[in-house]
Amino acid sequence: MEIQWYIGLAVALFCIGIVGVLTRRNSIIIFMCIELMLNAVNLLLVAFSKMHAASVVAQSNPNVVSDAQIFVFFIMVVAAAEVSVGLAIIVMLYRNTHSVDVNFLNRLKN
Amino acid sequence: MDPKNIWITFPELLIWFPLVAGLAAFFIRKEKTVKAWALISALITLGISVVSLVYADNTKHFYLNNVSYYWLKYLGSNFSIGLDGMGHLLTALTAVSFPLIFIATYKTNYKNANVFYGLMLLTQAGLMGVFTALDILVFYFFWELAVIPVYFLCSRWGGERRIQATFKFFIYTFTGSLLMLVGIIYVYMHTVPAAFADHSFSMNAIYSAVLSPTEKNWLFWLFFIAFAIKMPVFPFHTWQPDTYEQAPTSTTMVLSGIMVKMGIFAVIRWILPIFPDAVLKFDNIVIALSVIGMIYASLIAIKQDDLKRFVAYSSIAHIGLMCAAIFTRTEIGLQGVMFQMFAHGINIIGMWIVVDLIEKHTGTRKISELGGIAHKAPVLTIFLVVIALANIALPLTNAFVGEFMMFTGLFTFNVWFTAVAGISIILAAVYTLNMVQKVFYGEANSITGNMQDITLNQKLVLAVLVVFIFLFGVFPQPVFDLTKDTVLNILTRFK
Amino acid sequence: MSITEILFWGLTILALFSAIMVVASKSPVHSILFLIVVFFAISGHYILLNAQFLAIVNIIVYAGAIMVLFLFVVMLMNLNAASEPKKNRLLQFAGLISGGCLFLVLIAAITKSSVATEMVQMGSGNDGLIKNLGMVLFKDYVIPFEISSVLFLSAMIGAVVIGKKTQ
Amino acid sequence: MRFKAKAPLGVWGNMNNVFQLVWLIPVLPLLGFLINGLGRKHVSKTMAGIIGSGTVFLSFLISVAVFLNVKDGNTQVAHYFDFINITALKIGFDFQIDQLSSIFLLIITGVGFLIHVYSTAYMHDEEPKDFAKYFAFLNLFVFSMLLLVMGANFVIMFIGWEGVGLCSYLLIGYWFKNTNYNIAAKKAFIMNRIGDLGFLLAVFWLISKVGSVDFHTVFDVVSNAKTNPLTTFDITGITLLLFVGAMGKSAQIPLYTWLPDAMAGPTPVSALIHAATMVTAGIYMIARSNILYTMAPVTQGVVAIVGLSTAILAATIALKQNDIKKVLAYSTVSQLGYMFLALGVGAYTGAVFHVMTHAFFKALLFLGAGSVIHAMSGEQDIRNMGGLKKYMSITHITFLLACLAIAGMPPFSGFFSKDEILAAAFERSQLLWGVGVAGAIMTAFYMFRLYAMTFLGKFRGTHEQQHHLHESPKAITIPLIILAILSVIGGLIGIPEIFMHGGHRLEAFLAPVFAQSNAKIAAHTMSHETEYMLMGISVAAALAALVFAWSRYSKYQKVDKEETGLGKVLTNKWYVDELYDAIIVKPVQSIAKYFNNVFEKKGIDGFVNGVGKAVNYGSRQIRLIQSGQVGAYVLMMVLGILIFFIIQLFL
Amino acid sequence: MNAIIFTAIWGVVMMLGGAFIKNKATPKYMAILGLAVILALNCLEMNMGTPLFAVELKGMLHFNSFNLTFINVAFGCTLLYFLLNGRDIEKVGENVSEYFALLFFILCGVAIISTFNSLLMLFIGIEIVSIPLYILTGSDKRNLKSNEAALKYFLMGAFSTGIMLLGIAFLYGGSATGSFFIDNIISGNAPMPPMIAAGLVLLLVSMSFKVSAAPFHFWTPDVYDGAPTVFTSFMATIVKAAAFFAFVRLFENAFGSMHQQWQTLIVILTAATLLVGNLTAVFQQSVKRMLAYSSIAQAGFMLFSLFALNSLAKEGLVLYAAAYSLASIGIFAILIRMKDYTIEGFNGLGKQQPLLAVTATIFLLSLTGIPLTAGFMSKFYMLQASVKNGHHIWLVIFAVLCAAISAYYYFRIIQAMFFKETDKDAVLTEEAITPAFKILLVITSLLIIALGLFPNLLTDWLYF
């Protein structure tokens, strides 16, 4: 399988995520789209790692694959942490305004 | 003399003494005391400067007039200050002016006088620094620092539109200085390595910076605009009338008497030696601007109804001539400028004192509302007339010598500029005599009716000024001897 | 066309479709469910790439924990399609366009690159197995591993600080 | 022959050489000025008068001594201190004593002294401190005038040059409560300033070309063809510019209009400044730098023509003036015109000669007029006078003599000097001579119109005026008498050859000063017949005019009918003032107004403030980007990313 | 290393302390004490060259005097911040010790991102800094502004994290070594392959987001405005400085060799940031928001260090960080005590609290960059560095013109304080301005002036 397909897929997912962030107004959904972006990146990293494994890079840098996969692991870790905080914030806001619409947030502007 | 056994030099004294005195002044609560304190310290500074004039000869007393300390070692900037002829002249002017100003305004009471006089003395320190700096970074420091106290003085104690006016002035000059800063850094980056650093800010290094003609051309403007704003040269002058109008008179005296000289000084000290060929390239433009400014300002002065604005515009006209004369690069012209820097300082301070008196007594500065002061306050009138005559450069007043030489220099540079600039001589007579006639002659009216003649302290100051006016009008030679070295050194850059 | 490729394309299409659905679907609940599908598809890719550990973690952490959390919150707020307010058409359109442009730009950039056509090692290669990763993680990546604890602590505190009822 | 001072002289020296005292000549009046000026509150009137006149008298004595010395051919330049001394230029504070300056010294101090004395009586009604002020100014004037004539270089001369201008300004505006007087004073000063600018430019020109302003250096260098650095253009330019200065100072076309207005000053002032001394500064200056003019024929032509036309123009105006002082003023302008005519045709001696005689009789006329005005208690309009001769005989006699003198009746002084000028003009061209004679005729006419209307006929003034008509006190009459004598015999030092061989003592005396010029001019010799004829014609014509005027105006009756035609134009002085106002004053004022109200405020300052406004405006606009919408923010970011990608990857 | 370990530990301590300590004031003192100790330990490490415990770094982090000095600066400023604003932190909400704990965790993150040597550490470090910040921003729970700010900050922060990760992924994929260590991602100054370029751009974007450089600055004004002022002060100064330090380290070590190829981006970034920051600040009425924009403007100047990327620039950056943090902390500390955050609110402060007014003036002058203040020296270093760099002089001139604009809005406050009258009898909140507070302000201003006169006091530390 050529790497470009993976890249294509990952980038596609990433951009879909971006489009989601741009178009949706429900903060939860926006947040989910961001998660989608992260996953796209994860996929990309893994794919790259396997690409390197197949290439000369593997000789010079033995644990090139595991580096990337560990990185992905950490991304997931961070994502988890972020989610907890993020949802907490959203919930807090919902408590105060009974809405999760981001366009509702415009007390701060100019 | 051996530098070892000199423990302090004149430039240091001239800077540190006012600085310390000023800082001390902030903590003197009692108004009377702080006034006295300011006056005394100013007088001491004057004393120092007088003594320094005795030791002015740098061939003999070099180490009394020059000193340098490590400062930003690794940037190649040292705190080096010194007095050459021009430095002596202008520090002397500064030292002379402040006591006069303090005495003249001794009767005026300011809210939080301690702050006021503290700031005034700080200004003096800053000015001294500007006139003594031999390291361009140090120069820039003082250049900015001299303005800050003035900013506070004007916006705190000035007239009703003071805040905007002063703010305009500040932003205007600040912009100019920042442009200059870029220029300074650029030149610095093209200087030869110095001890501990790969470039140097010292005057000599800056003078010998290696720059391509194109670089010099735009750098010239970066510097010149900064100085032109300070002087001010047409068309950068519009801050001046407003500021002079709004600032408290004593500050206005500092501004117009000394601070404008900063610009002229800086042009002579930095632009001429650093960018000689750019000067050769642009001299026509600059002189044209200056000459236009002279005529323009004179014409406007004719139409001014507010005494302060009147003086402001007449000052712009005079400054224009100085700026033009600098760029003629003739010995006679430059000597004229040197002389005129001093003369103009003296005369305009006198002008302001008179204006201040009139405003104090009559409560107005409107020329149209005044009249007939002459027989209410004859002494004042006599002084005013003398100063006014100096203002129009009548022979045997100091201004004549300066203007005569500057015009001569200008003539040798270009006849037509001189011819046009000469018109300002006539216009000067027109507006000055108009003012004198409208304000002092004719019948007294309700406003000037209860005008009293001047008090002793003012009489004293004005007398001193008048003495200066005639003394230097008849015996200008000492000044030329003093500034000879500077002028000739600078001219060597154009050989 | 080998089985791997078929799987690849299948998963890809699935992932893309459900990703689009995540963005497009009205109700938040549906979005969440579609997102889970995406995660499963991605995990499938991981398996194809022989990164079992990540595949498992992805399922557990994302599809399991995180998404459930989301679902939970959404249920809690009982947001339904109606609660999605009127959209700003223009902004959406702009978003769509710019997102698309970004996609094109990135693709264009990558296809220019030399590595674009390099082959990816499928199925084989055991670096992605738990054993090796574990070794690496606790040998070379001990510092980040420890440090991430700080991250969790702060996240926890955050949840507490924000979640705690104030009287 | 003149020779330079060996070495700079000390202020004091061996007393037996009077040149050691030269510096006292100007310093004494200066002292008088200081004493009277500073102590004006304390000195009594008498004291002020004594100080004022005394100092001048002392200078006069020294001047006489100096003159006697010079007569023996000793001239010198005294160097006191360096005024300006830099490598590029050296200007010393030097005094030059030679034939020319010594003559002027005599005139200034002598006539000056008389007028001081006269003033003590004339100004007697003034407040003590104003009285002192008056004398202070008068002394200051004498001081400046002395500087002017003694200066050994153009700069010192210029110092005096502007000094006298200042004094005339101060004295014209002496009664400063009256705004019109101030305006007149201002006018005088500014017109002089215009001239001074010319003078200055000339000096700059000299410095830039010759590198010196010393009379010796300049003249020696220039007159010597080998060393002369000046092209003809230079010389012409310089001389023309100098002449512009002279125009201002000596009230020539087009800068003459200030002089009539200057009559606002006290009459003695008019006598001293605006008749005898200051206005002749221009003639002195040109005479001093005669060599330059001789080398610039073009300029000479201009000078002659300007001089002559001034003479005529002023004369015509004088015909119709009714203010006694105005008539004299215009006659002064006209006489000055003659002097310039003389200079223009190269008769430098003639010019100086006429300066001298004119100083006598014109001072006398003014003082006489003053005496009349004094008697008429301030009345100056001759239509309200008449028949004064039976009230004030001395004044009348002296005035008559003066009139005869100015009308050029032999053997009065005016005759010789004017005749010499006309003769010289004739040598240059008959036309000049013809016009000159015409002027002489008019002079005779208006002078005797004045005389007749003032002293003959019957009194036309009010009764209380008539009631205290009286002869003036001694202090006034004695100067009149002295001046009268001088104006009668003053001409004798310049008797032409044809009357008395070697008679022209003045010419011989001044020869050294004009030596360089004379060396360059081919000496004309006029046949005695022509000379006699010329004299005959002019005298006859003048006499005719004299008699006509006498007969016409001795029985003048006040008729208030509106002047018409030429008469009106003349009464209104050819509308020259109005013309100037229209073509110079008003435009300047309006330009200034435009600059002040529009260009400065809207233009330059507008731009400066505009920058500030622009920043504010920009700020107000740009902050709208901060819409507060997360979506918008992210969109911006994405766009930013796009741009960066395009720049980085595809550019 | 000490810094990282002990901040983490002390954070935990504070957190647990919160459970037992009921007294509100105690956490403040604990925090101050702890930070002082940590600062000391860091200095110790600088002198010894080794941390207290030998830690197997595996090249993840890299310590040298430069980083450590910066950590000193950051921690020093934080200490000052604690001292000045301790009681204000107490006022934000009831769980004080948690706030301090979070602040300590942030410091830990700061230490990491100023010493990271691997993209992984950068990523984790940034997250450790960000996540607590999201919380602190929202810590004023009842205040809708605060909530809004928190959510905006969080969403956009997460978004930028995504961008960053994609960038890292591309770098990894594109690099010939397949490594995450910043110093061997690429080598030499050959034209970069597209993948690297893409990664670089994405990293640049995400980092610019963190340092709030236009056009990625949009979160800044809202967040700074909405967050409780104490925490605004913290994130506007220390955090931002740290982010910059990370930014410069990353781009110098990773891409320094091919500086010329991406300079254009920096130029655009700088110009845009300067323009937007200064221009928008001019019109602001609320001082807090104005300072937010001014922080953007200052970022524009700091970007010069990235533009020049020479030793002068790095020195300048540290100096700038110090100068800017000191001044901002000071001015914020005063701002917190104002009743009214608008500029009019400052009217008459000069009369009522001359000392405060004077110190505030010094801070503002420093921010403007008037000589004799650290602000001038740092700007001066930056200008010098970029002139030395030689290209794009116009940018420097543009920068100084913007600095002139900045004078415009900074001086409005000075004018308000000294030259405008107020009808209020007290413009400050009633709680007393303690002598200690005043002394601290004076010390701060003295520090600023000292640095303004002798920047070498700081810069000399950087090399040995």
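Think of it as A, B, C, D and E in the order they're written, each chain with its own count starting at 1.
Just so we're on the same page, a contact is a pair of C-beta atoms (placed from the backbone, for glycine too) under 8 Å apart; a residue touches a chain by one contact, two chains touch by 3 or more.
Just so it is clear, the structure is predicted and the values come from calculations on it, not from any experiment.
A.B. asks: By that same contact rule, can you tell me which chains touch subunit B and subunit C alike?
C.D. replies: D, E
A.B. asks: By CA centroid distance, what chain is farthest from subunit A?
C.D. replies: So the chain farthest away from subunit A turns out to be D.
A.B. asks: Contact counts by the stated rule: is the higher one at C-D or D-E?
C.D. replies: Ranking C-D and D-E by C-beta contacts puts D-E first.
A.B. asks: Which chain lies the greatest distance away from subunit C when centres are computed from Cα atoms alone?
C.D. replies: Between subunit C and the rest, the longest centre separation is with D.
A.B. asks: Which chain would you call central, comparing Cα centres to the global Cα centre?
C.D. replies: B
A.B. asks: Compute the distance, rounded to whole Å, between the mean C-alpha positions of subunit A and subunit C.
C.D. replies: 6
A.B. asks: Hey, how far is the Cα centre of subunit A from the one of subunit E, in Å?
C.D. replies: 26
A.B. asks: Can you check how far apart subunit B and subunit D are, centre to centre, with Cα atoms defining each centre and the answer in Å?
C.D. replies: 38
A.B. asks: In angstrom, rounded to a whole number, how far apart do the mean CA points of subunit A and subunit D lie?
C.D. replies: 98
A.B. asks: At which residue positions does subunit B touch at least two other chains?
C.D. replies: 171
A.B. asks: Please output the residue numbers of subunit C that touch at least 2 other chains, ranges allowed.
C.D. replies: Residues 88, 91, 94-95, 98-99, 102, 106, 109-110, 112, 115, 140-141, 144, 148, 151, 154-155, 158, 162 of subunit C touch two or more partner chains.
A.B. asks: By residue number and range, which residues of subunit A touch two or more other chains?
C.D. replies: If we look for residues of subunit A contacting two or more partner chains, we find 3, 7, 14, 17-18, 21-23, 25, 30-31, 49, 51, 67, 70, 74, 78, 81-82, 85, 89-90, 92, 102-103, 105, 107-109.
A.B. asks: According to the definition of touch, which chains form touching pairs?
C.D. replies: By the stated definition, chains touch in these pairs: A-C, A-D, A-E, B-D, B-E, C-D, C-E, D-E.
A.B. asks: Which of the residues in subunit A end up touching subunit D in this complex?
C.D. replies: These residues of subunit A touch subunit D: 18, 21-23, 25, 30, 102-103, 105-110.
A.B. asks: Write out the stretch or stretches of subunit D touching subunit E in their complex.
C.D. replies: Going by the criterion above, the answer is residues 612, 615-616, 618-620, 622-623, 625-626, 628, 630, 632-634, 636-637, 639-641, 644-645, 647-649.
A.B. asks: Could you please specify the touching residues of subunit C with respect to subunit E in the complex?
C.D. replies: 106, 109-110, 112-115, 139-144, 147-151, 153-155, 157-158, 160-162, 164, 166
A.B. asks: Considering the complex alone, what residue numbers of subunit D touch subunit C?
C.D. replies: These residues of subunit D touch subunit C: 629, 631-632, 635, 638-639, 641-642, 645-646, 649-650.
A.B. asks: In the complex of these two chains, what residues of subunit E are touching subunit D?
C.D. replies: Per the stated touch rule, the residues are 151-152, 155-156, 159-160, 163, 194, 197-198, 200-202, 204-205, 209, 215-216, 218-219, 221-222, 262, 264-265, 268, 276, 279-284, 405, 408.
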